[in-house]
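Contents: one structure, followed by commentary.
Note that the chains take the letters A, B, C and D in the order they are written out, and that residue 1 is the start of every chain.
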Amino acid sequence: MRYALTEQQQARQAEFRDFVASHVDPHAAAWERAQALPSEIITMMAGRGYLGATLPTGYAGQAWDVVTFGQLNEAFGRSSSSLTSVLTVQAMVAMAVLKWGARHQKETWLPRLASGEVIAAFALTEPDAGSDLNALTTEFTRRPGSGTLVVNGRKRWITCAQIAGVFLVFGKLDEQPLACLIPRSTPGVTIDPIRELMGFRAAGLATLSLVNVEVPSENIVAKPGFALSHVMPVGLQYGRISTACSALGLLRGCFEETVVYASERKVDGHPLGDIGMIRRLIARMGTDLAAGNLLCHNACRTEDEHAPEAFENALAAKYFTSQAAVRAASDAVQVRGAVGCHESSPTSRYYGSAKIMEIIEGTTQVHEDLLGKIYLGQRAMLRR
Amino acid sequence: MRYALTEQQQARQAEFRDFVASHVDPHAAAWERAQALPSEIITMMAGRGYLGATLPTGYAGQAWDVVTFGQLNEAFGRSSSSLTSVLTVQAMVAMAVLKWGARHQKETWLPRLASGEVIAAFALTEPDAGSDLNALTTEFTRRPGSGTLVVNGRKRWITCAQIAGVFLVFGKLDEQPLACLIPRSTPGVTIDPIRELMGFRAAGLATLSLVNVEVPSENIVAKPGFALSHVMPVGLQYGRISTACSALGLLRGCFEETVVYASERKVDGHPLGDIGMIRRLIARMGTDLAAGNLLCHNACRTEDEHAPEAFENALAAKYFTSQAAVRAASDAVQVRGAVGCHESSPTSRYYGSAKIMEIIEGTTQVHEDLLGKIYLGQRAMLRR
Amino acid sequence: MRYALTEQQQARQAEFRDFVASHVDPHAAAWERAQALPSEIITMMAGRGYLGATLPTGYAGQAWDVVTFGQLNEAFGRSSSSLTSVLTVQAMVAMAVLKWGARHQKETWLPRLASGEVIAAFALTEPDAGSDLNALTTEFTRRPGSGTLVVNGRKRWITCAQIAGVFLVFGKLDEQPLACLIPRSTPGVTIDPIRELMGFRAAGLATLSLVNVEVPSENIVAKPGFALSHVMPVGLQYGRISTACSALGLLRGCFEETVVYASERKVDGHPLGDIGMIRRLIARMGTDLAAGNLLCHNACRTEDEHAPEAFENALAAKYFTSQAAVRAASDAVQVRGAVGCHESSPTSRYYGSAKIMEIIEGTTQVHEDLLGKIYLGQRAMLRR
Amino acid sequence: MRYALTEQQQARQAEFRDFVASHVDPHAAAWERAQALPSEIITMMAGRGYLGATLPTGYAGQAWDVVTFGQLNEAFGRSSSSLTSVLTVQAMVAMAVLKWGARHQKETWLPRLASGEVIAAFALTEPDAGSDLNALTTEFTRRPGSGTLVVNGRKRWITCAQIAGVFLVFGKLDEQPLACLIPRSTPGVTIDPIRELMGFRAAGLATLSLVNVEVPSENIVAKPGFALSHVMPVGLQYGRISTACSALGLLRGCFEETVVYASERKVDGHPLGDIGMIRRLIARMGTDLAAGNLLCHNACRTEDEHAPEAFENALAAKYFTSQAAVRAASDAVQVRGAVGCHESSPTSRYYGSAKIMEIIEGTTQVHEDLLGKIYLGQRAMLRR
């Protein structure tokens, strides 16, 4: 894969990996145990520009291409899926605002997101509706005679909501899908942390309650009705790319940890890696890693090129890497045995987190449905 | 399967399930979080005779057949793999002592094990040797001119060691494999709890250090040299049967929780179970459950009959149910999505525990090696 | 499994296996190549009573229980899926007529089916409707003023149609589902053999064209309208049981052939079975065989008992064994390598036939849909 | 993937696909039935330069890059694995001779291979040794006082041997591995066709017997001893690349045929593709196709660049695509049901051929062993 990266991309990849090795690896297990991320690490990431990776320099971002953004997510995913989720949701909100927000929204929020002054969260999922925008029950109403909206609703499983300062909330106004920026400090906003997940424990998930929350209508992102067709897709596309690369990092972690262990652990005087059944698992992991790497790079590259297949490619990448990560985590634990089930081995963290990669940003089943539909739609391009 | 059980077995099955529904289900998540089992539940189980299920009445046991023991383990496995492990290790030690112990050992220990006065642990695995008895480094030496043995060694991943009062410790004396009962209170015995596992968190695993521990040689179970050929196999056979049935219970839990959820959860006004992809997962779980059920019953029944195929059947049952449990737990989480990842859903507990079922009492790979060897050894029975 | 069979069942099992070893094994490959079964083998089977296995003695049948019928199908499935299909379709038609036919139909047809004088075929599937009885287009009309029906329609993929003397044809009369016996010799009946299948090549599949075929209305089986609710289910249940056991036989064949080969083939002076990756495949095959064996026996036994779960059990058995047969055939070929792809190795025959087991008598997907629905319907029986 | 191809590569890809659609698709089933390729099609391929695709123009080749060679193999693999095998073995021998042959060997053979005047076969595998060069028993001896070698041995499963005019035969001379060109017309050479394979039936496999065959020692390719270290690896690398791309073509065939069928076949008035379980299969096939495509391109590109990872990449590509082809063929048959099992549907041909892709040019197990070893060897490159 090295070939596919420019020298600059390679240099940044190395930098990301160094950062993670120094500042994430030693603490990732403790963060999961504490079920929280310390603000220091987020500050450090912000200091490196990671929170505004894909934002233009005019908004204090790095203006990195999506391939580089993918490398960033992979490097963090190698160590902590939870911490990577900050990159995910920050990009989801920032890119949706960049693409469809009003100038004043961009000027207000983007520099603060890029600098890490504010963490954003993407408040789409509801307890009953899942991520089906048409079924959302969060309701925006206009206060007559004023530019004020009143919001009522409940959002659940909102990643990073525990630490977020602003939410991109999806709901309905006059039966039209709406996206709106709501600062955490607005009266009526309540955050209930969700703890005791089986993985992804430091990702700061929370339930968000909105009771008679008043926001100025200028906080609406894009016109009413564009939330479903324009705003959400941008966010979800970055969510899928980030998650695909994060799962790829996790898969790489499983692969590397297994290679190291199987090289060093001796059984009857021989390295574990001499055993055919172990080699088989490593061969599968390594090939999945190679394939996942190419699929992720392909998704990022086509996104950089605004190619029409970028959507399909991101789906395929996320679908493949999240499932491969689950397989790899299971095998990585299995190769280590009991040792691999303990938090002192990253494999135990991988095991819980990988499964969650199959659920967030569209479940495997949603991906199968979407990809199936897309592929069937290509029937006309086939000659016979 | 109902057919295969006698009326008495069915009545006990119902009793076990009632007990679990009343006393285990409501607390299983909290115990995992606390990483400990309260002594009350163990006292209650002992009060019902569950801790001496397979011991003869002469030693205060219930003299239940192995089929009933299997039902007991399945009922508990449905709710808490951790709690079921108490049944596992108690039976492993008790049955090894019953079969190969001296009369005084049986009289001393079996009634106390049956009554739950003492919990036992099976101290085989070592940090470097795994469960390979030939590679054990725990060393027994005879103090010259006395009936005293001195033991030095380290045991790891010992289930229930945190609460055990006696250990059946495997090691070597004069290069011969030895099994010996060592009370926890013996000077030189140290227990270091292992916490922060990815599942099975309340099972009380610990590292056991033995530093110049002195035990009377009358604590040796069977003659020196018989540990490998006689004592260990009895323990492991009960370990496999218990774990196979525990994993079957977990699989049943996944199946039932998924059926309930898919019946009640509505998407677009229709139950989730109307979706073909969900039905497919349920069909697979249900068929695996039926097959696992038959395999476990078959293993227990042939053990009751002391049939020569009992060993092979227990391996096949454990091999099948532990893997099916992993598949089912993954699917059960997937059907629920984010909800299924939270401790409020038993599926999140199942997810971590199921994988551990694939590791304890012989990994899947060890089972493949043993079963492969057994099946190859049947070549002579085939006609061509 | 031996335990589960009575002495008589065991004796018959041995007889079936001897018959197959002597009369089927040596020729099965040649029959596939010739894409036809010689009449001699069918005559021999009839002479042993195999074609009327489950028919009462009053109709010249053997009155064997379904467990014995299952053993018969397994023994033949071990060697030739194609030949086993004669047992399948003969039983499907015979049992449907036995259960729902008129006395004169039974007296006319059952002794001739039992004696092998006539082979029957179950003519359900149509080119466009598949096996969906509601979508059938085969049309029965009454010739006014006479007891004669006129039939027009097309049936496809009809197993054994090339050699059948009578067809149980499903269609519609006045919009009601109808089942009717139509002798092959009736004018207007045309049989077009289907050749060049990827397996199951000797099973005599054909397309059946019915053009203005006249049959007396007394050939209708059960009342009009009962075809869907009564006649078809009996046939399909026997079809599933036969196919499940046939697939189990195929799985046994894969297992045994692999054990033999891995024991005898040397690589670098060691038997292939010393290699862990080979053992793994054998362990999986053997465990699948054990599970499939129990599921099939369970299905047969509950059918013998007319237990309500017999339907579910037959579905589960067919669903499991057909898929396990596909896995096993793939692995059995893989273990042999190129040798396993040649007709001189039964594995090459298994490979093509196993996949067809996943399609006939209800595809895997149909089974998933039905089983999923059945399991979801059991929700009320679960306590929570 | 379009991006990754130059305009010229794209143009050639289109040409290859046109050729296959016109000249291969209509006949591929008939060739399988006949178990032979007509000489006309090979003449046509030769006329287009396909048989010397990667040879330099100086030897009448096309000097196409390996990426283009991969496209060629994929296009043919889409339709006929058997015919593609001609490309495979021609390239294996031609490239081995190009790289390590003497000038006179190149001048004698390469233009004839490029023009299709002669078809070559790679005679490595032996009945007992498989492809293990160290275990080969084919023996070369020097006739004293002359430049003549006498060869005795047997080769089996030699692809295209039925039509080959020259064989690159591997064996031993004085215990050293040797590769030697032996024309088919040499006295003592006998070809026994292997018929009745379960797929790949037109690929012209044969057993090659060499009895006191005399060849001039100038036919030795490279020095004695270099056969294992130099000659064979070049051939096998091209064999793997060709087979990986051929399997990718087969996978593409499965995908496209399924998309077409699921779009057009109606069930209850709705296209089959509306069913979730069908979409799932299509999603998996399509994602595997995307991943396989990238892996194959990566393997070809690194081979073009003589990059050190080209070996690993070819292994990964062949390992992945051959297994994905097996999955896809199984699913493609399943989606069509009985229709898919008949030779009138290419899926039936795919089903048999795909499995053979997992066996030829190194089985899946050999790939797992090699890849596992390679990945383990990269341990030093990992930081921790």
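Keep this in mind: contacts are C-beta pairs under 8 Å (C-beta built on N, C-alpha and C of every residue); 3 or more make two chains touch, one makes a residue touch a chain.
Predicted, not measured: the structure shown is a model, and the values here were computed from it.
Student: Out of curiosity, which chains are bumping into both chain C and chain D?
Tutor: Chains touching both chain C and chain D: A, B.
Student: Measuring centre to centre, with centres taken as mean CA positions, what chain is farthest from chain B?
Tutor: The most remote chain is D.
Student: Which of the two pairs, A-C or A-D, is linked by more C-beta contacts?
Tutor: A-D
Student: Could you put a whole-Å number on the gap between the CA centroids of chain A and chain C?
Tutor: 50
Student: What whole-number Å value describes the gap between the mean CA coordinates of chain A and chain D?
Tutor: Measuring from centre to centre gives 41 Å for this pair.
Student: Touching at least two other chains at once: which residues of chain B meet that condition?
Tutor: Residues 276-277, 280, 365, 368 of chain B touch two or more partner chains.
Student: Give every residue of chain C touching chain B within the complex, in rising order.
Tutor: Per the stated touch rule, the residues are 1, 3, 21, 255-256, 259-260, 262-263, 271, 273, 276, 278-287, 290-292, 294-295, 298, 301-302, 305, 307, 313, 316, 319-320, 365, 367-376, 378-379, 382-384.
Student: Can you check the complex and tell me which residues of chain A touch chain B?
Tutor: 29, 33, 125, 130, 132, 135, 156-157, 194, 196-200, 267-268, 277, 326, 330, 333-334, 337-338, 341-344, 348-349, 351-352, 355-356, 358-360, 363-365, 368
Student: Sort out for me which residues of chain D touch chain B in the complex.
Tutor: Where chain D meets chain B, its residues are 275-277, 280.
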